[in-house]
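Paired with subunit B in one complex and with subunit C in the other, subunit A is shared by the two complexes that follow.
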Partner chain A sequence: MPQYILKRLLGTLGVMFVIAILAFFFVHMLPGDPVRMLAGEDATLQEMEIIRQKLGLDLPLHQQFYIFLVNLLQLDFGNSLISGDPVYDVLADRYVLTAKLTLVCLWFIPAGIVLGVIAATHKSKFLDRACMIFSVSGISVPEFWLGLILIQIFAVKLQWFNPTGFQSWADLTLPAITIGMMGTAIIARFTRSAFLDVLSENYIQTARAKGVKRFNVTYVHALRNAMLPIITVIGLQIGFILSGSIVAEAIFGLPGLGSLLIESVVARDYPVVQTLLILYSFHFVMINFIVDVLYTVINPQVRLK
Partner chain B sequence: MSELLEARNLNVRFNTMFGVKHVLKDINIGMAHNEILAIVGESGSGKSVFSKSIMGLLGERGTTDGSIWLHKGKTSKSGESTGSIDLAGMKQTELEEIRGDQISMIFQDPMTSLNPVMTVGKQIAEAIRIHQNKSMKESLEEAGRLLDLVRVPSGRKILGVYPHQLSGGMRQRVMIAMALACKPKLLIADEPTTALDVTIQAQILALIKELQKELDMGVIFITHDMGVVYEIADRVAVMYKGEVVESGTLEQIFTAPQHAYTRALLAAAPKLGEMTGSDLPRSFPVLTMEEELAGKGGNVAQIDGHAVDYNEDPLLTVRNLQVIFPRRHNFFGQVTHQIHAVSDVSFDLHKGETLGIVGESGSGKSTIGNAILGLLGEAEGDVRYGEIDLLNPTPEQRELVRKDISFIFQDPLASLNPRMTIGAAVEEPLIIHCPDMSAADRQKRAKELLQQVGIAPDLYRHYPHEFSGGMLQRVNIARALTTNPKIIVADESVSALDVSVQATVLNLMMELQRNLGVSFIFISHDMAVIERVCHRVAVMTKGQLVEVGHRRDIFENTQHSYTRKLLAAIPQIDFSTRQQKTFELINDEVPDPVFPVGEAPTPILMKEISPSHKVATE
Partner chain C sequence: MNLMKSLVLSTALVAGIAGQAMAETNVVIAIESSVRTLNPHNASITLDMSVAGAAYEGLFKFNTKMEIQPNLATGYEVSEDGKTYTITLNKGIKFHDGTDFNAEAVKYNFEHEIKHKLRRASLLTNVKEFNVLADDKLEVVLKEPSNNFINSITHPSQGMISPAALEKYGEDIQSNPVGTGRFVFDKWTRGSSVAFTANENYWRGPVKVDGIEFRTVAEAGSQLAMLQSGQAQFISTVAPAMKKVIDASPKAENVRVPTIIGRWYSLNTQNEIFSDVRVRKALNYAFNKEAFAKVVYNGDAAPMTSPIPSDLETYAEQESYKYDLEKAKALLAEAGYADGFKAVLWSKNSTLSLRSAEFMQQQLEALNIELEIIPRDTASHYAAGDTLKDDPTRPVIFDAGWSSSTGTADWALRPIYQTGAGSNYALYSNPELDKLIAEGQITLDPARKQEVYGQIQEIAWNDAPVIYTTVDYRTVGKSKALKGVDFLPDGSISVGDVELVK
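Showing the complex of A and B:
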């Protein structure tokens, strides 16, 4: 198993390296001279030359890339074109907020699994239909509508929560419900189909023939086998949530990564966009790595290869 | 007679989308506490449904009426004797107490019947913990003892092992250990050896028989194989379409079968040794089961197969065929171990001849077939069809080869595209090989072919799922015949079929050979079928050919120890010398021929017994 994990880890580093190259060329692929962009429309040639030297853009490409990599490893992402502050500072607060929100949103995992299991074990009966109607609604209801309705009911009418802004963890409740609904619905559907596959396997029949109680057949024998396809989908969902939800952040007045991305793209704040590109990729690559490791933990056939 | 289990007027119905299906009809059957009752029948006979209705595992769609009495149930956990109980009338929660404790079950496929993410020890221990209130530690110790009981070598060591690390035979032993965990009064074995090689089957049968005596259990043994029935049963019940058509002692059923179905079943099963003294293959004296039951059977002639002219040059020559697949890789992706699937195999195939390639799983017999069909890039050696080098044909030659060498695979349904009508499937080779043919002509030819294999041409526009396995295999044969091939590679083509269907499909193949002179490479694990239909036989193990010769050479003058072992493992029906076969309860299983790179299996030297009979020196 350690060999397998080491292999995956090397693969992960390889992917990150490729992403770094792409992000590096991102600035170079933009139309026009980046220095012109940095210096502004009215800059003189001397001013531009000074900026060029300051940024090291007069160096050969491979040296530029080397410096870019070293800076990246030191979490130095350059300065924002708009505010002039280091990108790191621009990002930090927003990232912490999105991370907190993601953490609270994780309720979708147990909720989705439980709904899916209930649906699968009551196949074609009322509970199955109910769970699946809920799940289809979760996928089809748009976030902005759900968010507004939740604010209307729980913040305006019942006044249980603040409608917008972030002062305490409690303020994340409504956004987490809004964002997590989609994940719950997707996981529920996936769990249901994975579970139905597993429940028709021969070893489930063996377990029942041993006299294992129905509950234990479901949660001891079936669940672990069904988890294999489910954790892949869970990983992807976490990746999406970590990228920040533009709609939910707008509705609930939460300054997270999603709104930062939109702001930066609109303002052509390229260093920030570049950093977000690297960060998002990093999320997905890391999550995939963790999913692979979890696979080996759950499935001995992978572990003992 | 009925002191252990008794089914009275048992009816089972399933609610399906297309209405209620009546799958068990008025079953009345009883068994004693120390006997092995074999329930024999073909697919759809309801034999498995019967076993599941005893266990209460029919699922929610099944409804039962009638009763299944379990008498003299053993003392339950709480200490009171359970007396007689009606299993058919019990709730699931009550049945959970009985299952695995008083009645337990082993299933057909050991590869999929164990939970892949749970260690073997835990799975056995679970059964003990559920029913006997023992701690995990005690249960695991007991599990170790059980593995010794089922003759798993150093049983305690495999407690922490996962199922995929064990071979099929070992897994089936684990299944048996699990079933015996609570010393049940009744063991139900549902086709427990069908998925295993014959040598392993012999070991498992012997084990079940011995344990039945040791533990004084009743055993219900469900099978489709008359040979296995003969080997293991005390009493036999024959089922057909949900009814018990006949039951009696082993000898009654085999020597004086009363029902037409039993008689047809016995006639359709190839028996080893039946062909002694005859040079040519011979057809089975049976018609299809419908015709047999309608009384048209009885005295069907056995027709000799095609006579082969061995003075002609062979149609196909295989010399030093070798197929090596990479097996293990090191950290940098380099191959460290290779599996020598086929090493140094040579044989000929003559016109109008059926050459049987026989061996156990992993022997490389299918790989040879695939290499001849040109499906393997890894094949090396010299395989010639006339002037054509089959391993490196030119594009034009490849076209010709695809036309002349055809194939029939094992799974009749999976071999046909489910979205294509059977007519289109039969026609497709014509579109490729005779592009000038008009659509009307193609359809005419396809209908002729269907007619030839015994399928009404007006079924032309029907889809594969509408047919039974035997009918589909006929379609596959028709498809294989479309281009008038000279050679057909038949890889386990009848293994998935019921015996009675198998017999009629084999009859068809022999008839086509007589009429068209086509040659077959008949790949099979079943020695009895091979004996019946083949002119010459090649025996393989671990990728090497150990004996090759005319059928009579192989079966009547057996030379190699492996061939002998294979023959000895096959259940033989013979009441004249009804002696208990003794099986050594050993576990030697043939390992895969995996070698580190640079090493190869020891080359085999063939010595000539007669011009036609060659055997590997040992």
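Showing the complex of A and C:
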């Protein structure tokens, strides 16, 4: 087991390195000029040249790449072209906020699983239909619509929450509902189908025939086996939420990673965009890694292969 | 028992009233994008200068009609040759950190800007030297005579920063503003908010609120919710559909402000088709500006009636290109394009820009002109515009616009119409106009200045290197209780004598 984990971690490093290189070239190949965005629409060509030299953007691309690589190996991601601050500082506060938001959004996991299990165990009955209607709506409702409706009801009419901003954890309630809705819906659907598959297996029939209690059959025998595909989807969802929600951040005035990405792309702030791409990939690589490890915990067969 | 009860009650009541009187009055202003820097001298976005403007004051300021008003300065005198400006300052003003504000401090500010090549030093390129004549008198000697030097230093970027703070913070002054303004910097949460508290020693007298905060909320619907729920007292973005909601609210109101942001579509005059003035005029006649303002801008725009917006100095109304399809067709036929032609329209990709582009496409269809729209995001759009001159024969129509941030006719016309100028996306060149533009810059006699700029506007208008469309109006929302915060025609939010009236 430790050997397996070590091997996977080393592989991860290689993947991250390739991603970093791709991120650099992808970002620098975008059309558009950060200097123009920085200098403003009414800047003269001379002013732009001064800024270009200051930022080192006048160097040939291979030299910029060399500098990027050397810095990267020292885990230095450079300075933002816009604010001049180290990318670390630009990211830090926003990352913390996105992480907090992700944390409160995790309600989607139990909610989705419970809904899915209820639907599966009441297949084709009223509760199943109700859960699936909720789930389909959850997937179809656009985030910006749901967010604005929640604000209008709970912040403007009832005045329970602040419409925007983040001063206390309570302020994250509406964003968490908005963002978590999609995850809940997806997990519910996956859980239902995974569960139905498992429930029709012979060993479940055997367990029932043996006289194991219905609750135990459902939550011990069936759930464990149905978990494998569900965990994968949960991992992906967490990865998406950790990337920051562009829409929810715009609606609720939360300065997370999503709005930073948009701002940086619009301004062609190369170092920040690069670092965000690397960070996002890192999330997914790590989540995949954790999911794989969890696989081996849940299903020993995976370990043997 | 009863006595006890009423005692407790009245104590609570008194405490309650006292609590209310002590309650902080904070004004929250919702803005649509994040602040990038709080050093106005180095800002390229008007919004950044507006936010920094809570802490900073310039020597002069614009009022809501873009007229110059004294601020930290009391007035100025110009020498007869237009090369020496003598500015008189208010006495006894101190920066937030206790440093004295005087002529030496002003000199330090301007020289610091120039020395460090800060972005807005471009407004000071004509300056030869600054001489301190007295504590409250600064002499500015220019290289060339100028009739608009005061405009340049009235620009919202030219706030006065404490020299001691500039020394102390260096580049970090951008996140530690220290000025003379009504508000003292408190906290900047990147991407989210900038908060200020009242300046207790403000030189004009007590500040009427406890603090002011600028909060970034990109979504217009959320800004509306902030205004409705009382979380914000001023919102910078009001979407057309939201106006009715605000009108219906007893506590809030819409404020519709004319701007000096002009919009047009540049026609590449180096291209064979667009080099013919008859074609360019035909396109202007074929474009229904009134319908455009109504359909695309929901009424938040007015037709352009001159190459410069009507709120700018020397504005002279021109004979309008009244929508006249027959005249347009006749002009095109005369030029040999009765059957139309093909062209590309380079547009920005915001919703508004795309709607404008589609409107243009439909209008020109009537002339059998086939327009292909190529949308790009802002960065790519201007980068593409900068490459136009490398291959100048393409039939390109370029989505463009301009706001003269110094409020001068010179800065509204020179960058657009002068041969080879930075934003001359029509690649337009007219030696006669170039000569007038150069003359306009150094003409001191007001009557002659008016005449020169009148001629420039007339020539540009009749030569029509662009399809003139509209001047923006902007609607902002505010609480009826809020006084002293204004949206100015140059697109800035001016924080003045802020007050929340009960």
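Just so we're on the same page, the second predicted complex is superposed on the first by the 251 of 305 C-alpha atoms of A that agree within 3 Å, B and C clash if a C-alpha of one lies under 4 Å from a C-alpha of the other, contacts with A are read in each partner's own complex, and residues count from 1 in each chain.
One rule holds in what follows: a contact is a pair of C-beta atoms (placed from the backbone, for glycine too) under 8 Å apart; a residue touches a chain by one contact, two chains touch by 3 or more.
This one's a predicted model, so the numbers in the text were calculated from it and none came from an experiment.
Once the two structures are superposed, subunit B and subunit C can be ranked by residues of subunit A touched, with C on top. Of the two partner chains placed by superposition, only subunit C is touched by A:156; subunit B is not.
By the document's definition of touching, neither partner reaches A:129: not subunit B, not subunit C.
In the superposition on chain A, A:28 makes contact with neither subunit B nor subunit C.
By the touch criterion defined above, A:3 lies against subunit B but remains apart from subunit C after alignment on the C-alpha atoms of chain A. In the superposition on chain A, A:251 makes contact with subunit C only, not with subunit B. Residue contacts after overlaying the shared chain place A:45 against subunit C, while subunit B stays out of touching range.
After overlaying the two complexes on the shared chain, residue contacts for A:205 are found with subunit B alone; subunit C is out of touch. Within the complex, the subunit B residues that touch subunit A are 55, 57, 92, 96-101, 104-105, 107, 109, 112-118, 126-127, 130-131, 162, 164-165, 175, 178-179, 181, 331. Per the touch definition, subunit C reaches subunit A in the complex via residues 30, 33-34, 36-37, 44-45, 117, 119, 122, 171, 174, 189-193, 215-219, 221-222, 225-226, 228-229, 231, 376-380, 382-384, 386, 402, 405, 411, 415, 422-423. Chain contact summary for the complex, subunit A toward subunit C: residues 30-34, 36-45, 47, 50-51, 82-84, 90, 93-94, 144, 147-148, 151-152, 155-156, 159, 162-166, 249-255, 259-260, 263, 266-268.
Put simply, subunit A touches subunit B in their complex at residues 3, 7, 201-203, 205-214, 221, 224-225, 298-301, 304.
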